[in-house]
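Two complexes follow with subunit A in common, the first pairing it with subunit B and the second with subunit C.
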Partner chain A sequence: MRKSNQLRVAVYALIAVHAVMLLGGFIAPYDYAVQNREYSFVPPTRIHVIDRLGHFHIHPFIYELRYDSPEDIEEGEQVYPLRFLIWGAEYKLAGLLPGRIHLFGVDEPARIFLLGTDQYGRDQLSRLLRGGQISLLAGLMAAAMSIGIGLLFGMVAGYYGRLADEAVMRLAEVFMVLPWLYLLLAVKGFLPLNLGPTRGFLLVTLVIGLVGWARPARLIRGIVLTAKERNYVIAARGFGASDLYIFRRHILPQTMAVVLTQATLLVTTYSLSEMTLSFLGLGVNEPVPSWGNMLASLQQYHVLTSYWWMFAPAFPAILVFWGYYTVANSLQEPTQ
Partner chain B sequence: MTQFRVCRFSRTRFLIVPIAASLIAVTALLAITARAQADGELLTTNAEIGRAGGGLIVAQRIEPKTLNPVMALDIPSREVIWRMMADLVHINRQSQQTEPALAKAWKISSDGRRYTLTLRRGIRFSDGHPFDADDVVFSFQVYMDAKVGSPQRDLLLPGGKPIVVHKIDPYTVEFQLPQPYGPAERLFDSIAMLPRHILETNYKEGTFPETWQLNSRPEQIVGLGPFRLKEYVPGARVVLERNPYYWKSDRAGERLPYLERITFLFVGTDDAQVMRFQAGETDTINRISPDNYSALVKSQNGKYRLNDLGPGLEYNFIFFNLNDLNQKFPQISGKQAWFRDLNFRRAVSSAIDRPGIVRLVYGGRGTPLWEPVTPGNKLWLNSAVPKPPRNLDHARDLLKNAGFSWAQDGGLLAPGGERVAFSIMVAAGNASRVAMATIIQEDLRGLGIRIDIVPLEFRVMLDRVTQTFEYEAAIMGIASGDVDLNSDVNVWLSTGSTHLWHLHEVHPATAWEAEIDRLAQEQLISTQFKERKQLFDRIQELIADNLPIICLATPNILVAAKANLGNFRPAILEPYTLWNVEEFFWR
Partner chain C sequence: MRYALPAAANPLISLFGFSLAGLLSASMLVEVVIGWPGVGPLLLEAILARDVYVVISAVMLSSVLVIFGNLVADLLLGATDPRIRTGVS
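This part shows the complex of A and B:
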């Protein structure tokens, strides 16, 4: 009973996080790349309902920030009410639909930074939402890629056996021992100079996905090996069914459980891979955020010790990872 | 005890006392003179008199690569080596003036081509072997030998011809220069005097460049500096011990250094250096990043002293690849038409928010730059060089005049119609230069230029800048070794080894580069400060006007030491803190 509750919470959390990330551009108040150079490392903006004179406001408001020096930024006198569905910077919803309406914001020249700002005065919340799209999409795409390749190679190896099996499985072993971090370092050295952020992202995803096909391939091969000896498969073959038909009709459904568990596990692993690479400066490049390169600023001692809001991307990441692992666990249980 | 003894003096004995006392005094005087002769002609420093004893622990980011002073190029190596070595004439890092070192005096002939140096008598290397003119002649021979390939060799070849070094007597050496030399006796600074008795065989066998590595036996590494090698533990530390033969003394006649040893710990990162210092594990910290400095200011508890020395000599800049690519990298050479266009470079310079860089990258502890000489160099700075603030309209006008236009979406189009986008290469490990690139990326977006930042490992980057030329633009920094601008002349000369934007020019590629070449040659042979200053002023103007490098900002030199470290007098010249380590003592 408790387990199923946990699963329900995990699924809801995953749906929520993905939905929020999908609507990122709409929820984010600003463009993720715009620098507000006077507001470097500003802590999260406080939303008030009671002003300094003790008056209660029905409409929540913020105080504008007053800039004196890099170390002296505080709330000024001027009050700016929080506005909803406000016109702002252009974005593309889910990467497709252009839009300019933002969920919330404040009037110029005030700024609202619900999760504070980074070194360049960029809004952390806007970056976190955009970064989430990148990190999660990288995980999903890379997982789809390596499951796809794994399925293909696993089926071929398991079903045809002999030479095909030997060749595919030895190749898989080569891929499994590849030190992918160093591989990526090496790849980085040969990249063209003008690799835009999008292509850079795709390349990272491609490398992560390509390198990881071996594990699912081996698992799927094992299942195919047992499945093809089943009587109904032999019977189908005896009736003259084509290989493609047998794959689609009898073998593929058998692999589904493993594919699903693997997928949920791989999405998290690969999201984490992308974060690791970006954290080390090998992934997505500035100014495009990812949870990894946002957390990278914590490598600097003063950021680590002085600006707690820079930890923000870690929380949705933990939530997502917990969600996927919980789902993967419960998927695995019935098969055990 | 004392009182008891006084009571025991009898009347008869009373007479003997003055005689005995004077005898003792004479003997003592003789002994002191004898000791002075045995000690040699020590240099007496003016620093506060301290107490002997104790050790100093300093953190370093990485290990030295070598302990050979002739071959060392990198700062970590030089930092350790120069605690063990000494030069003939030394530039005082604080006053920035020359002062006697191993040479107690020098004369320069009226034509500026002959230098006669008088050496201190009776001083010894750290192994006790005496030092004399033969060692000087040997040292210069090694430094100037093309086969040895010292990075400092160029400096000893004014006008391309070597200096002729003559021994006149064991304590007098004459240097014949092929032409007058502008910076004069500054020439001798940082040329380490080597022990001929140890190194001559290696030199003759041709193995000199490989001698004095980290794994050499400590007693093999012999110098004239305040300390000598004690042990090296790979990956962990280098320990130096006090050199008992050092040639400086304090005003009380005590031989320096006061400290018994220096330990250099290798800690890997700048942040680790700060953490170690904050934890009290290290005693001084040489170069703190502005962010870490702010963190230290916040946690200041009276146990340490923080010094903001103001702008140093480091200048950070962005430059474009103007090399002749000869059909290599067609993508890059296609963009060189823009890079070579002065209007384009001026537009880029005009679009850059330099005060923003100082604020965001250096937390305000820095100075924006429009020329390659920083305000830290008070003697040589040309303050007349204009410092135009960021002006996007002006930048757009410049681009318009050069035939650029804008697409519907605001993107900049080159005269040929293609979109203007280029990459900026930057050392991945250098957080402040990566931050500069990120700021410039956003600044140039305002002109419709798309920038890709390419962070690369430093050596890979250096290889691309100096060997393969596979880059479009890059951000780098140069920290001048001396205030005299001649130390940077290799950057300005079209044939210079660090003429980064266009290496190996056979002829000056542009009229202004030809003019810089002429001015740089003139200053080299002029011995008048006023004349040299005018020549360098003009060079600064030419650089600021033609922008082969677009200067960005310079960080302040920030250092710290434990509060009870005596004679700690940091300076803006390298090595910032340890330059007078022989005078350091614990209160």
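This part shows the complex of A and C:
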């Protein structure tokens, strides 16, 4: 695929994934925490258009799951048509607007599990959408924090030079040289394990963002060092412009290229960090899903080999990371 | 290769020093997944069990490893590039 086509596909894919995540509560048929204990590890529901007698229905439908015993869950007889825009569990669209309408669903008591269920019978599709909100939001927020701190330190170090430069660079080296996962685990380990879901999530994001500011700070400092010596900056200083004015008007636009590239790369890194932490059990708490949480059950052998639908969170993650990497690549092109 | 390697050695060795941190983190994740009894799972269990002293020692161990690795990288740089050794600007 040509480079420009690749970039366009990546941007469309990213916009699509983020839109789906924003509308997560609407698209998901069920609440992410509702358990259906008898439907443990059920494979994805099949949607039919041709019923058992061979008749074709225009309206797609599913068969109700018949529960004979924990090992024997099959499709039953009763036909349940697929309904769109139905009333269901309460949710908050993008965390702000409460709503009850869901995109699709089936009448009670049937359940539609488009991506199967996990051990406790929770719908994987709903958890995937909610977990995507959590993981992507963590990546975005942590990247914003890192870039902010890195901009601050980088500009101060590059512009004021000498003592400030030395101090900031040595501090940045400390943060760059320590293994990030060890540092993250140590910081997370000394905090209370049982915060509420929102506070726990914010804390994880804060910790991830605070650990990784060093690399953007170094790059921004490099840009500021060259930008400081430009003619117009020297002229502005000669005319008595305040430091803040020079930062805002002359130096900040120069750093934008690096900042944008770093931002896209950092979003993927931090999203992956949040997934890693949740995978190890130290990220968001149950029952709040995160893509890492959902993949953690694959550590058990019987889940890994028998229940293929549990791999589902990996694919949107790969798609999102590929999209961000492609965008970062094309942002880097002009400087190479 | 004979002519490319001396030119590429400088950043190669610096990158080696800096990548130790990432390697430690990645190896911890791999150890947890495949069940290798390394320092990674030890640290994880200690954190979940609130064993503060084990956490302190594991983090200190990793820091010493990384610092030592960077020291070796710097010495290697000095050994391979005489300009660095003699401080020519």
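In this section, the second predicted complex is superposed on the first by the 330 of 336 C-alpha atoms of A that agree within 3 Å, B and C clash if a C-alpha of one lies under 4 Å from a C-alpha of the other, contacts with A are read in each partner's own complex, and residues count from 1 in each chain.
The definition used in the following text is that a contact is a pair of C-beta atoms (placed from the backbone, for glycine too) under 8 Å apart; a residue touches a chain by one contact, two chains touch by 3 or more.
Since we're looking at a predicted model, the values are computed, not measured.
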{"item": "Touching partner for A:T276 - first (subunit B), second (subunit C), both, neither", "value": "second"}
{"item": "Touch count on subunit A, higher of subunit B and subunit C", "value": "B"}
{"item": "Touched partner set for A:Y301, first subunit B, second subunit C, both or neither", "value": "first"}
{"item": "First, second, both or neither for A:P179, with subunit B first and subunit C second", "value": "second"}
{"item": "On subunit A, the residue positions that both subunit B and subunit C contact, one per complex", "value": "188-189, 281, 299"}
{"item": "Residue numbers on subunit A that touch subunit B, as the complex places them", "value": "33-35, 37-38, 40, 69-71, 119-121, 188-189, 192-197, 281, 285-287, 299-303, 305-306"}
{"item": "Subunit A-touching residues of subunit C, taken from the complex the two chains share", "value": "18, 20-22, 24-26, 28-29, 32-33, 43-44, 46-48, 50, 52, 55, 58-59, 62-63, 66-67, 70"}
{"item": "Complex interface listing, subunit A residues touching subunit C", "value": "176-183, 185-186, 188-190, 276, 280-282, 299"}
{"item": "Subunit B residues touching subunit A - in the complex, by the definition given at the top", "value": "270-271, 274-275, 289, 291-292, 294-295, 298, 331-332, 353, 356, 359-360, 363-364, 421-423, 425, 428, 431, 434-435, 437-439, 441-442, 445, 450, 452-456, 460, 470-472"}
